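Take a look at this one; I'll ask things after.
Letters A, B, C and D name the chains as they come in the text, with residue numbers starting at 1 for each one.
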Amino acid sequence: MDMSQFFTTNDYFSIIPAVMLALFGCAILLFDFLIFPDPRQRKYLLIFVVLAEGFTGFSLFRQTSWLAAQNVPDLSGFGGSITVDGFSIFFNWLFLIAALIVAVVSYKYLENAGEHHGEYYALVLFAQSGMYFLAAGTDLITLYIGLELMALCFYILVGFLRSDKRSNEAALKYLILGAFSSGFLVYGFSILYGLCGSTKLADIAGAIAQRPAWDPMVFLALTTTSVGLLFKISAAPFHMWAPDAYEGAPTTITAYLSVASKAASIAFLLRIFLGPFASARETWEPLLTLIAVLTLTIGNLAALNQTNIKRLLAYSSVSHAGFMLLGLIAGNETGIKGIAVYIMVYTFMNLGALLVVVALRRANIIGEELDDMAGLVHKSPGYAFLMLIFLLSLAGIPPTAGFLGKFYIFESLIETRHYVLAAVASLYAAVAIYYYFKIVRSMFIREAPENEPALATTFPLRIALGVSLAATLVIGLYPQPFLEIAKSSLLVR
Amino acid sequence: MHPITTAHYLALSLALLLIGTVGVLTRRNVVIILMSIELILNAVNINLIAFSHMWQHATGQVFAIFVITDAVAEAAVGLGILIALFRNKETVQADEIDLLKW
Amino acid sequence: MDQHLLSIILLTPLAGLAVLLFLPGKNKDLIRIWANLVGFGGFLISLPLVSRFQAGKPGYQFEESVDWIPALGAHYHIGMDGISLLLIMLTTLMGSIAILCSWNAIQERVKEYYAMFLLLQVGMIGVFLSLDFFLFYVFWELVLVPMYFIIGVWGGPRKLYAAIKFFLYTLAGSVLMLLGILTLYFQHHQQFGFYTFEIAELMKLNLPLGLQQWVFWAFFIGFAIKVPMFPFHTWLPDAHVEAPTAGSVILAAVLLKMGTYGFLRFSLPLLPKASMDQKIVQILAILSIIGIIYGALVSLMQADWKKLIAYSSVSHLGFCTLGIFSMNPNGIAGSVLQQINHGISTGMLFLVIGIIYERRHTRAISEYGGLAHVMPKFAIIFAIAMLSSAGLPLLNGFVGEFTILQGAFEANPIWAAFAVTGVILGAAYLLWLYQRTMLGQVTNGKNLTLHDMSAREVALFVPLIAWSIWIGVYPKPYFDVLRQPVSEIVQRVRPGYYSGPVQNASIPTVPSNGGAR
Amino acid sequence: MLIDTVLFYIFAVMVLIGAILTITRRSAVHSAISLIVSLLGVAGLYLLQQAEFLFAVQIVLYIGGIMVLFLFVIMLVNLDQAAKERQFSGGWMVALIAIGAAGAGIGALLWRGFGSLHIPAPVLEGTPAGLGNTEQVADSLFSTYLLPFEIASILLLVAVVGSVIMAKKRI
């Protein structure tokens, strides 16, 4: 039998980054106990992560140049199960950046928390390979399995501090709610499959376009699928897991979860809503509008009286999800580009903010409460300044990058005449200042407690923070190249 | 008596989905919540098999295999986490897991 | 040199800030000297503007334009006309004075303090120079952060509350303003097929009245909070009272002018139809008059020296907005001049309070009395500041208020009648304040040992007093500088104004053909 | 045909009764046994729809694998205590709303008739004759769905690693 019909060059090209990730993940698992039995040697495992990301990045780069050389917009492999296009490559760069940064700063954190390293890095890579399929998948089964691969890795990573009750609890809650919602998601998928007898997104889009508005089957598929998708991006009222998972997880994983997992879920959401459900817009637009307003309201109001920084950032990330949904509601080119820009800047600023929280954890201080930040400017002025920039960016104050994301979202709402939504969103942008500046106030205005050690800084952490800061400022001050990258990711053509 | 159609299967799966949802939302015992999630996944599978039969191809069955695979994986990890938690805390009641606000 | 002069002025504080960050934090005097050098240098560099500026030349001068974000149509486009010239001079002068007056007052976290001031200076200068709406918005928001810290870190007992209130109010206003900007931006794309934030381009838009009104209200909220106009003024007393002296000075002298400047630069020229809409003009004029009288009445009742001046700002800024919405050359030119005057005189008043506060650490009026006996130099300077603020002829305040009243009378005599009561009340609360604190016998023993002003302190006032007398005695150069930009605004809003044979006395009777071509 | 109809109703009742018992029994062991009944009913439905391979998978994997896992955990973590305690959490409000909404949906569905669903009548291209169910599944699984099959292998690896990490006392 001729194997080439099963595994063509296109197939190879379409999955090579994910293969790299999975291979290195397995390699780490093997080397962890075969080659490096001595715990002190285990820091060399980081080299594998860096190598894995290097090869993945190289593969992504090859994909880009291949597409450019062939002058085609996309490349699909495995009989249409997966499609590599500007969209998937854009999102995969985000995952790569997040995973790499998270992995390199985790070493010291795990050391402090007294946890094992090997499986941790492997799971980070496996999760990233799941995200790869979320961003590139164009088949219900591929998307579903990719989603589950990512989610399963995160359930374990959230609970990675096994001796910490908060971590256990967070993992369990996240797993229960996650499995519950993906049950709904796959229920919706089963109906989508039933509607047209195919699992390819393109076929489904065609079948749905032929059905009348408010068709009960489409409606059922839409609502159940939406429950799953909205859960993953932590939109209200399906956001309950986010504050718990963010708080209980190791802070490095909180960063990974809030950035990469959210980006992957947004990519997934866009694939579904701009693919199969594109023609059912009049059904889902009012639904999503309601969800978006609710998300903004709950995210912003609940953040107001949080005292735990991770929890506060969790609610803030809920409200960011609301902003991104607004881009989808507007739905024009500006809106979709806005989501891409938003998630790009969000990646850097939220990573940065959480990395500062990572640095707060030292010898025997957990460092997640607002009080732990008190007077930070006296002890570690550099970190306080970094945090200030990231918070300003999260709040969307120019000239930081965060403003650009909000700018596009507002612009798309104005263009599509959603004036009321724009006004509501802009007022919540002002509300957000209040809680972000609670952290600023704690850092800059309150006095530091006596005899507290300075922050734990490691070389990788400083590099990672530097990258996040540079990106946040450069995207804010000279966004032109980044806007072009985001534009290359457009799904609507 | 009407012949059994795909719609009958759909109604049955909808009912099962509903029961599973109620179980997840109301029970305190985490093990039973996990079982309720299995019910939901079985509702999905009923749909898939019915549609697979209707379209006369095996795609739905393949999908169902993946759903079962996922159910296995989730159950294994979920029960693992449960054991870790039980070791630290000695409870399996969902609303006693309250260090973080539920 | 000329073609980059504005950039140099804009970047001087930023460069100074960059150097400041590398100075050793322990050496407070070095930091102070450097910050003062930068502040004074910024003023000196801006002086050539005065000689090189050509009054009466239409359009903008010293323009610079570079593509910034082509994907958005945002440009680094700066330039100035007569209005911005005056405000820039005010900014650089008041900036250097505010930095100088902090020498003794600020002893903690000195480096951060001066860093914030220099950053604030960049933002304020940028606001007055931007000819691109995106750039303008960036500078507009940039001002918030340093001001938050200046109030929040070095402020009084309720500094946290005042700082966040200031931030939230202004931000809420400015995001709504952003929506207005984006609406214009999008409409321009609709009509001309490309995205741009250039103000000159946006002025070509032809928008229906209804849309203009919406955008106008969006701008209004942003600018009115900043001014602050009557119902939006509540953040101002808190911010003023809690801010350190230099913060109050810069807040009153420059920051508030960003709002009135916004009306003149954006609301009126970009939205001419809405600006001439009867209802809108009447509402705004009435709010201004309420502001004038309310601010004055509340000032009368204050027991806190600084709060009194803060409320007087509400009253004075009411004159400025009333002048703008009179929509005639007198009103607008008077308004700009009054903005400068308010900057000078209220700046001086806050400096006066700062000086006495440094000595007694209280601002309660009842604690003082008969200070003139103890501090004669102080009494003279306070008297000049107070009289300039109250609008005594031969000092600056009179010229501004008089011109505004002329303009208001031309628009609607009733407005002028109400506004005049504000002038009277203004004289009342200021004179009464002076009487209670300076005249009579020294009632409080603690005041007997106060030492009079030092040379450095007097030096703060010399340029301000000189400037205020200059405007009061010979205001012609100012009106010359303002004539061209003001006539451009009036021409834009009321195209028939200059060609009409007989000018009607009040706006309501002018046929509303604004904007129609 | 009649026998199919009767069998469908028998299995459907098994599924539903089993499911209701699963979520209402106080004891987790009873719940587990009820769940097995429900899963057996589902397996029966697979048979009715000529999915013999799935039937086998359901019996072996689900009932043989997952349920054993559940029972094992129930034995491991002592649930005697739990059985005496309050059975339901405070989530009944949400549940009530969910039931109401879904019940209304099902009611509307039954009232308007199944025809309203517009389930498409497929154009039957003719089944690949001579292929048994298992062959069909295998054919599909290893050609069209090769990619998810490969991803599933990583998924299972992660599940193994994860459950080991979580359940072991010290690594």
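The rule is short, and it goes like this: contacts are C-beta pairs under 8 Å (C-beta built on N, C-alpha and C of every residue); 3 or more make two chains touch, one makes a residue touch a chain.
In this text the structure is predicted, and so the values were computed from the model without any measurement.
Listing every chain that touches chain B and chain C alike gives A. Taking the mean of all protein C-alpha atoms as the reference point, the chain centroid lying nearest to it belongs to A. Across all inter-chain contacts, the pair with the most C-beta pairs is B-D.
Remark: chain A and chain C have CA centroids separated by 44 Å (rounded to whole angstrom). Centre-to-centre separation between chain C and chain D, using Cα means, comes to 70 Å.
If each chain is reduced to the centroid of its CA atoms, chain A and chain B end up 26 Å from each other. Mean C-alpha positions place chain B and chain D at a centre distance of 6 Å. With touch defined as above, residues shared between interfaces to two or more other chains in chain D number as follows: 105, 109, 117, 119, 122, 144-145, 148, 152, 155, 158-159, 162, 165-166.
Multi-chain contact residues of chain B (touching two or more other chains) are listed as 6, 10, 17, 20-21, 34, 50, 54-55, 57, 59, 62, 66, 69-70, 73-74, 77, 81-82, 84, 94. Residue positions of chain A touching 2 or more other chains, listed in rising order: 141, 144-145, 148, 152, 155-156, 159, 162, 171, 194, 197.
Screening every pair of chains for touch gives A-B, A-C, A-D, B-D. Every residue of chain C that touches chain A in the complex is listed here, in rising order: 68-72, 112, 137-138, 141-142, 144-145, 148-149, 152-153, 159-160, 164, 167-168, 171-172, 175-176, 178-179, 182-183, 185-186, 214. Contacts from chain B toward chain D in the complex involve residues 1-12, 14-23, 25-29, 31-32, 34-36, 38-39, 42, 45-46, 49-50, 52-59, 61-62, 64-66, 68-77, 79-84, 86-87, 91-95.
Contacts from chain A toward chain D in the complex involve residues 6, 11, 15, 22, 25-26, 29, 77-79, 81-82, 116, 119, 122-123, 126, 129-130, 133, 139, 141-142, 144-146, 148-149, 152-153, 155-156, 159-160, 162, 171, 194-197, 207, 211, 215-217, 220.
Across the complex, chain C is touched by residues 377, 392, 397-399, 403, 407, 410-411, 414-415, 419, 422-423, 426-427, 429-430, 433-434, 437, 441, 444-445, 478-480, 483-484, 487 of chain A. Contact residues of chain D toward chain A in the complex are 105, 108-109, 116-120, 122, 142-148, 151-152, 154-155, 157-159, 161-162, 165-166, 171.
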